[in-house]
Amino acid sequence: MTPRKIIIDTDPGQDDAIAIMLALAAPELDVLGVVSVAGNVSVQHTTTNACKVLELTGRTDIPVHAGCAAPLRRTPITAAHVHGQTGMDGPTLPDPILRPHTQHGVDFLIDTIRAHPPGSITVVTLGPMTNLAMALVKAPDIAQRMAGLVSMAGAWAQGGNITPSAEFNVYADPDAADIVLRHAIAHTLVPLDVTHRFLVTPARMAQLSALKGRCARAAAAMLGFSERFDLTKYGWDGAPLHDPCTIGWLLAPHLFAGREVNVSIEVDSPLMQGATAVDWWHVTDRPRNALFLNDVESDGLWALLLAHLERLP
Amino acid sequence: MTPRKIIIDTDPGQDDAIAIMLALAAPELDVLGVVSVAGNVSVQHTTTNACKVLELTGRTDIPVHAGCAAPLRRTPITAAHVHGQTGMDGPTLPDPILRPHTQHGVDFLIDTIRAHPPGSITVVTLGPMTNLAMALVKAPDIAQRMAGLVSMAGAWAQGGNITPSAEFNVYADPDAADIVLRHAIAHTLVPLDVTHRFLVTPARMAQLSALKGRCARAAAAMLGFSERFDLTKYGWDGAPLHDPCTIGWLLAPHLFAGREVNVSIEVDSPLMQGATAVDWWHVTDRPRNALFLNDVESDGLWALLLAHLERLP
Amino acid sequence: MTPRKIIIDTDPGQDDAIAIMLALAAPELDVLGVVSVAGNVSVQHTTTNACKVLELTGRTDIPVHAGCAAPLRRTPITAAHVHGQTGMDGPTLPDPILRPHTQHGVDFLIDTIRAHPPGSITVVTLGPMTNLAMALVKAPDIAQRMAGLVSMAGAWAQGGNITPSAEFNVYADPDAADIVLRHAIAHTLVPLDVTHRFLVTPARMAQLSALKGRCARAAAAMLGFSERFDLTKYGWDGAPLHDPCTIGWLLAPHLFAGREVNVSIEVDSPLMQGATAVDWWHVTDRPRNALFLNDVESDGLWALLLAHLERLP
Amino acid sequence: MTPRKIIIDTDPGQDDAIAIMLALAAPELDVLGVVSVAGNVSVQHTTTNACKVLELTGRTDIPVHAGCAAPLRRTPITAAHVHGQTGMDGPTLPDPILRPHTQHGVDFLIDTIRAHPPGSITVVTLGPMTNLAMALVKAPDIAQRMAGLVSMAGAWAQGGNITPSAEFNVYADPDAADIVLRHAIAHTLVPLDVTHRFLVTPARMAQLSALKGRCARAAAAMLGFSERFDLTKYGWDGAPLHDPCTIGWLLAPHLFAGREVNVSIEVDSPLMQGATAVDWWHVTDRPRNALFLNDVESDGLWALLLAHLERLP
């Protein structure tokens, strides 16, 4: 079977890095490029981090394109309190030799989607949706050319993580999420409802730490760093592992449950900025615009992740 | 022990009626009066229904005061699709002889709270908070005179019931809920997070139907009617029984779990009107203004309810 | 001709005081009562100031009823920077012997309107509309019993005065203004568009100062104080005299121009809080709910004011 | 003196067309390119119309770049009721042979501004600011490279034209205007406060109609069409001529008056969408981000326009 062609739009971020590794380890996926965006940290850092991950995995053949340096119309926020100053604190990785491509990430998205037959490119967003929103405004024709879109974004029955009501990626650029959800795309949302069920417990951390390759070791170091914040905050058995769930869904959708619903973004209210109104019970006449996942078979997904990380150098 | 003096502000509603019966059956509570409000149905209907419940229980010594006929500044919505045209469809109850008192419900709240020593009156709201908001604006001194306030209101990890994001009582008059929550009152919120865990299953329905008194028979007829809507909508084992949870908490707080948090009301956004922003993880610096319940020991509460209904005529 | 019965709801304020004096001097008007409200200063101050004005004019037969101490759901703002600490700085008036009536202002409005035949009472609001909004929510039947309502409120082609977009009275309690405008009342709005054309120039100030009575002298002292702020701010020939324009319109409507339009209140947006959306050109299908004045024959109104103040003791 | 280099971003529109003609007739200006945007009509029409105007004037050396086909996140509105189905109804102009350049208008803006020395390019927006907002998000460095920006946008003491509160260009894409105004650019706003003082009266129409060239004849035919709507709506002596005022200000700033102020865009409120909060009296601490014009010496500007149109073929 031909692998599915994907573009990863990301703000690494430790969990972004592990999501990228998971994708690179999967023969079912063909990563055409990585686009960076401001989010967890500045776009300079996320671009560098993307390059580091590709060098770590030995996949410097994949181009990195820097995307937007700030949300559409919001003051940038970051999550350095979670991810550390570089956004990918934990392992000591060398400064990358790989340089980002000169083409802007927004144009890479547009040109790549246009250059391939309709229905052949799937986009995965692991950070604020700024780049894809820009691409859709500039080139609305790409909406119907995309095979699909998978986003780590939103929350329904979990409240938020950056505010009481909003998940970080949507909160950071709600206008962008709103733009994307207004376009007709086969859009799968992987919200906190899923990722808060995919916890890196001490037992799982031990399994990961037992893996041999440099990629797995880096992954373990990353998670060792980033989980500190959530463990303190939530007092759970483990820290949620957000972004890899998106790739997990591409590889093993049978591990997930969800529902086709309308998801609308709160853009206007300061109190609720970035909250996702999820019409789970279909009580409105708003059109179904997303597959909203709300559960995951956690053990299965963890086994899948481990098996893939083990394949990497 | 002296019974706790309470005023019940309500929009009956089958579940309101059962909440009132529960309160009347409890020797620990002294119901000083019932105030009606527009909500599930018009204030004419809710006032009549309050009178019917008092006649049914033989407690025509308790005054009914009609309150506000509409929310502060919203077009009234009702829930007749759930509760039937009278708001209390199910049993056939005679037209009440009991007449509401001529004093407005808002003034009854103010005068009663002022007439008793500070800290002696607890208010229970089972519908939109219009009356109490009016009372607080007119007589802000009553806030510190109240012993407490218990409200069936809000939702956190359950989405909403009238819209994807909002619970009915808050949605119907979000401005009123906002006003109430801005006043310093010992406020306990009983949200959908609790009431969606207190389901009238067929087994429980059978237990209720086996009770002998006219009150229990009426309660069974009411629930037989009102559960139809939710069973169809949710596909659950039983329909949630909202309002009695408030009285249940007054009688047996050990059956409930919750957390002191900030709860803020979304007033401005059309998309999120009436949503409750619950700062469960204390990520903001907004002051804690409510005890937000999120769990209930359902079997214990059901046993308590049955035992009380059995005591009524 | 029977004089027109009015109730003045006010937050004196120097210009409120002069508006009250103008009304008391006019045989065409019968002032049934004065209701105070929080606005320019606290309701304690505005109540005291109302009593002072009635004593000054020798009309202690008119009852003063204290109204609401704060807006419906906003943090109170005041305009002490314009009106001085008492709200009526300027003349030295003795502490009043007159005491406010024990009945709340909201109930005075309701009971008075209900006690008179339909169509006989006109309400004049010179401050935030909190009291009337409360009265309308508590007793919606009074809307159709009122003969009319005249409010110093709003702005169209003048921007705002308290913010770039909002006039003080509406800004201070936008929810109240919204409630009032949602009720079907013959409502005349006297906005900044009018009052900014009614300036107390040095020439007019000299005319006022030449009057003999104690009331006129007090009025001159008041305006001497309050105009300082606006003269500095605007750099105009004189300071606008807001509230008396409402009484002026009742006495001499031919001096004013306006249009029946829809006026809607911005309640939700922090940026535009209290702005009035005036559909002057009838480009929406929103119903006409107010007579919005936008011009005044300034010399005529000034002559009328002088002639009336001269009649007072 | 070297002519000032400008790029015109436009949604022609009869008044856009006349603004372009005025710019082309002025030796002080060097039009580097024309970028089209959806606004008065679709971007297909506005692109074609831009080509038509350049052909009419014989300036097919100037490239036309098609820009965005829709606002960032709003349902497109148009003003075909004012401008006719083509957006430029009135004269009969041949289908243009000139084709738009293949480069997207957003990239033309970015690349041109980057290709010239800092401070050498002035952008003029005559429609919604979608393209410039996109350019600023994609390439924030261009903000400080621009010599200036002149926009027909907004309203202060004139209410709105598309709604009671908003001017068309801002209303159509308020998010874009908000983005632009958040960037530090020497921005001159030419609002309705100016353009409603620049009326095409019958006398002026007669002067224009007396001119000989094909461009002037086309301009007369355009205005003959588009003024119908406003004459009916406003009942004024003439219809306002909006967009040419921007070029007029570049050519003869002494004909205009204005003030450096903060202008903030209402993005969130449905009632006030696209309203401009103009801090004319400096009552807030919001930073001054625009020169907001509020008056024009109308005769002088008309004379300037006539003199320039006369120079064209």
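By letter and in written order, the chains are A, B, C and D; residue numbering begins at 1 in each of them.
Following the convention adopted for this analysis, contacts are C-beta pairs under 8 Å (C-beta built on N, C-alpha and C of every residue); 3 or more make two chains touch, one makes a residue touch a chain.
Note that the structure is predicted; figures quoted are calculated from it, not measured.
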Of all other chains, the one whose Cα centre sits farthest from chain A: C
Interface composition of copies chain A and chain D: same or different, split at half: same
Centre distance in Å when chain B and chain D are each reduced to the mean of their C-alpha atoms: 57
Distance from the mean Cα position of chain C to that of chain B, given in whole angstrom: 40
Sites on chain D at which at least two other chains make contact: 268-269
Parts of chain D lying in touch with chain C, wherever the complex brings them together: 156-159, 162-165, 233-234, 262, 264, 266, 268-269, 271-272, 275, 277-281, 283-284
Interface residues, chain A side, partner chain D - complex: 68-70, 72-73, 104, 106-107, 130, 133-134, 137-140, 175, 178-179, 182, 267-269
